[in-house]
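What follows is a set of notes on a single structure, which appears directly below.
Chain IDs A, B, C and D follow the sequence of writing; residue 1 opens each chain.
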């Protein structure tokens, strides 16, 4: 019953808690932004009296954010945002904390997944924190009566923000939500470096294959896609980019990558990585052209980018080639290998760990100050950009933590930049 | 007398024209966007009846833009936007074209420079095209009576846009200006690749020194700065970045560059390249810490980034070490080498050629459609972003010209991206 | 009893075999060179009547080599070359093959380790294949009577070859050994790409930390070191190189890396990776200068590069921070994290997989043709370079397998290259 | 008459000397290795009584070497090794030095070129220094009587060494020559960084075109080729490599480059750069497949890599498109642009400067110690590798000059590396 906290559901919660606690401690060591904010929050208790409802990938770094928010005085209820991404031990360790209830459990079925979201909503959150907007959606669909008492929400992902904007355009979003995904601190680091590095490491460790000399086809050249492309090139892969936007395609071309429509790239790729946030990126026509042994992985939010139904129909048989790798054998003996069932490869592969700790620290630093912001300012319903000052605050905390000093404008320089009457 | 067209001022205008024509022909071969637009414009004559006043770096690529606009039916008057960047032969070849009058001449003094701008204004332009906003400024300062009949202006540079926004904030900008610099097509290509490649090539060819193993200090991590940093790293330099903005500093750090305040970087650099758009970036305190033989170059718009007055005072003697290199000998025998008098090194160095042809083609493609836009739509006074559709149009023309096909969204995909009700 | 085959020692050998077989099948799919050679060997049976004694890292790719050699007609006995690198399931799957006996078992103690080598030697090998020369050493030390009937040996590693040459210089090497490590096909691919990629992936997956913005200190700039440095820079790390050889140091400098003595680098590094093949690379004086939280990993053959004894004495306490990470807390609370007990991080970390499959294919392709060579030609005792034709044969097989066509010299070109009488 | 020193042939030798002196002074500032050696040589006069005959590219850095050798007590006669690479002003400045006679003049015809070599030989050199072995060849062909009194020669280039080895194999080389080209200090820096950076800068400045997004076909993946490929990729070009050697082809492939036969690459390239040292690399069949506007440049020693005769026959007309660019118009209007007449582009293009100063310093440092070596040791006729200690000496001088400290092996470490009896 996923409506009960995880602790009630585990055979040996104590050992799970210990294992989870070890993971969280490691993450905490390497999350200086959350550490600095926690120190401040313990003092100032900005979330005293607030109830937080969170649907996130429940692993070590999220736990550090969760604890940071609890330390700020909030009562927190949390569940997963993807059935395959929860670490049960981390969930148990969180659930053992005062002020935190965790419902997240790995490998639950669809019903269990949505029941757990309901269980979080039963806490009547005043602030929501989402990774894919499932919490916002469930509240709007089934618990509109709660909306009046909700100060606001935070959304972590590109996909979630995209869907929230669509909802907002339909006048269907009834409380304010910060597009945390769109902040420089999130997009430039988490998406580029985090998704890039962790997706490649997860693929390498799941397959034991090398990048050098491989042709890697990256579908989508948004922030995630360019992270994946850049890191793959940095491992000596030959990168091919597929795009639908002419300017992004041109950017990829000017970066030195080959740019092709997927119908042509399909025949060239050794590895395919989808990052578009859209569905049907790799479909039957592509599978048919792919080479024997090709690897197919998804680094976008939902498992809709690779059309597995079509692949399943095309295949004569399938088997687990390695943990996390399903081999589809097509007629003629051609084998296509799908990683992590087409789900987010850096989270859902058996040995995947999610984003690196430090990039999550930056993202979650922004989350933490955004949650705080709702208690200080009132926002209209709709999608809001994160106020620049908050994002900048997080950047400054990070530079401090890294011991990096930077220049400051002199008065003369500030004046110069503000004036328009100086000549050639 | 710079108030006369260049042809009147040259000893041998015919040979200048021939040399200029050869340069323009070469550029034209490699500017497929302008070629495609020219073909369209010859047909549609969108600028029939318009008078264009341009202040640009008068070299081959600008000439191709100028001819494209003239081919669209406009009467064009043009002068330089920097006393050192004009190619007299190109100026002469332009002046020989029907519908074009060029006043641009290299090495004119300040008075001559501003007189030439006046000469252009005397044509009573209905549309202005600026590279540094000198034309806009002169019209506002001295010829406000012309403003009523001006449809609008285009501004090419970061610095110009910055100054125009300051002017706009003061309610002092009385006609509409497109911030061409801020378009993706300009910023992502021209600033990053154009400034980056051409600045490094100009420095290499001016000094005959190598990048491999050099410590290159890049001041400013905006679009130009990251282009310079990226290309220098691509030549195996060890790059140090100095910034005043914490997020940009963090971006540079996460890219793998060393980030330091200039006071510390000064002691480490073999080459210093300023790209901030601000003044006093390299000052006395930095000169004092620099190593013997250091190279100082500016890739920002104005020659104010390196404080040459202070350096001159500090120096015991100066001499020309090579064409384009002034050596300042400080007490103790330390030599600092300033390139191109601290002016834009990729334009003002003796053998510099300005931005590469293809990146200018992208920039100038945007200029051309922006000029056309003023004849089709009316805009309020103030700084305007370039309408996205125009920028996108240029990207599509370029992809076509390169023979690059890209994917298109299916209906299902478009619908998916617009919906918000799909689950995990 | 490690003198018995692994099958005798496992609780459930059948399930181990199945798991091992799955791993070997995956590797085999991605090892086209071994596949092509196996096809040839099955036909020609070049090793009929030979007994092979192997001491290698017993994991999936080694298994493919082992099976390839067995398919060539040899009787093979194999054990591990490092107590932590054996996969018991792969060992069991090998042991189940006709013609192969495997003694390799993970986590055996020193005595068990050397007993297993003895067990292999008891098969009276006619050809040895080593990864670290333990087999050669044991035969010379304890079984000199076997030497007369040994055709030759192959040595896989830099370290092993180094030690063999030292032995040869002392006139103490009594049978011929091919320095497989020194072939272009091994050094340029295995060491650079294999060690580089797999070490970084293992560190990332063991720590869940990111490379972007990290200062990575690479000790040693040989083939392994330059692989590690290049791949780390490709993940946006800031790389510092420490070397003892002036030309290698200069190469690193000209590549754009910072070059420092370790005493200075110690204070700058976030991650330290040793690749020198030497001992005492990171010692007490370095530990004392390191930053809190630094990671220490070894990518060299033996676990002597990080002086763990000195670190243990310096530490006030140690604990397992994560699987594969031992945290040493020094006085003042500074924590240093040692990965994989200072053993080869890409093999000995809990989730490490060894080198990527494809690079092992290249190395092992050379091994296979070298073993064949001993049956075709007689070599003098001592260290021998692998005949160039063999190495070239392997390169050609690989290009074929990748579908890569290359140019061929025309007769005129060959003649030109061979002549010396053409002028300027 | 090129048999007279350059001074006799110039209209205004004084002004040439001044201009040449300025160039030499700049180079000297940035050649710390030659500076350090000069200091030593002035003291020790190792070349007292020797006569040096040099055939080199006579530009500023060569002049610094020449002066360094003269300062060591030698009487030096020098001429060019390529009719297009001489700087007359540098030649004049050298000729004005005591102990140096220079015959080098730009743009001489074939007869003048060889006459100048004869003029140098008339000085009866005891040591020769060659860049392309023309001096060695002329002495063997026409002045065998001199050979007895020649201590030895130094050869700078890949091509020269190749031809010397062919000559040696024919037992036709009658005095000892050091293969300076083959030293680590030369190959790893000069060929990779020097040829790479300077060729690209020369092409960029000759054409004013950009590298970003260009497909650059590099013929040959030797040291020069990989330098060109690496630097082009570092400017965001998409690099295609053509090779005849399977291992080099594989190396290029594993680096992430596309590898193709030239017949296929011809249709893809925007820029072609030959670095093979062989003839007929780009021929009729390739010209026919190339794209309109393609650029063809040679970075190999001789002008035989691009088959200009065939191209001339194929073309309907040719014209100078820019200084240093000859446009061949083929039937159908396709234009192919050949840079610098197919000669070494980094030397023979109108604005080319040759290799960067610092990499020449490393090469010439080796030359200087090699010349010294012939006065200290006697060598047999034939091609000799440069003794490693000499090369190492130059590396150490360079590190000193850069202020780079490196680690030293402890006694324990040296002993460890020399031993072979340590266990796992």
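The rule we apply is simple: contacts are C-beta pairs under 8 Å (C-beta built on N, C-alpha and C of every residue); 3 or more make two chains touch, one makes a residue touch a chain.
Keep in mind it's a predicted model, so treat the numbers as computed, not measured.
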Pick out whichever of the two, C-D or B-C, is joined by more C-beta pairs in contact. C-D
Superposition rotation for subunit A onto subunit B, Cα-based, multiple of 5°: 180
Centre to centre, by mean C-alpha position, how many angstrom separate subunit C and subunit D? 38
Could you work out how far the Cα centre of subunit B sits from that of subunit D, in whole Å? 36
The distance between the C-alpha centres of subunit B and subunit C, rounded to whole Å, is 53
Of all the residues in subunit C, which ones touch at least 2 other chains? 189, 193, 212-213, 233, 236, 253-254, 402
Subunit D contacts subunit B in the complex at 22-23, 25-27, 29-30, 60, 189, 193-194, 197-198, 200-202, 204-205, 207-213, 231, 233-236, 293, 320-322, 325, 335, 351, 353-354, 356-359, 402
Partner subunit D, residues of subunit C touching it in the complex: 81-83, 113, 132-134, 137, 162-164, 166-167, 170, 172, 184-185, 188-189, 193, 242-247, 249-251, 253-254, 259-262, 264, 277-280, 302, 304, 391-392, 395-396, 398-399, 402, 404-410, 412-413, 416-424
In the complex, subunit A residues that touch subunit D: 212-213, 233, 236-239, 253-258
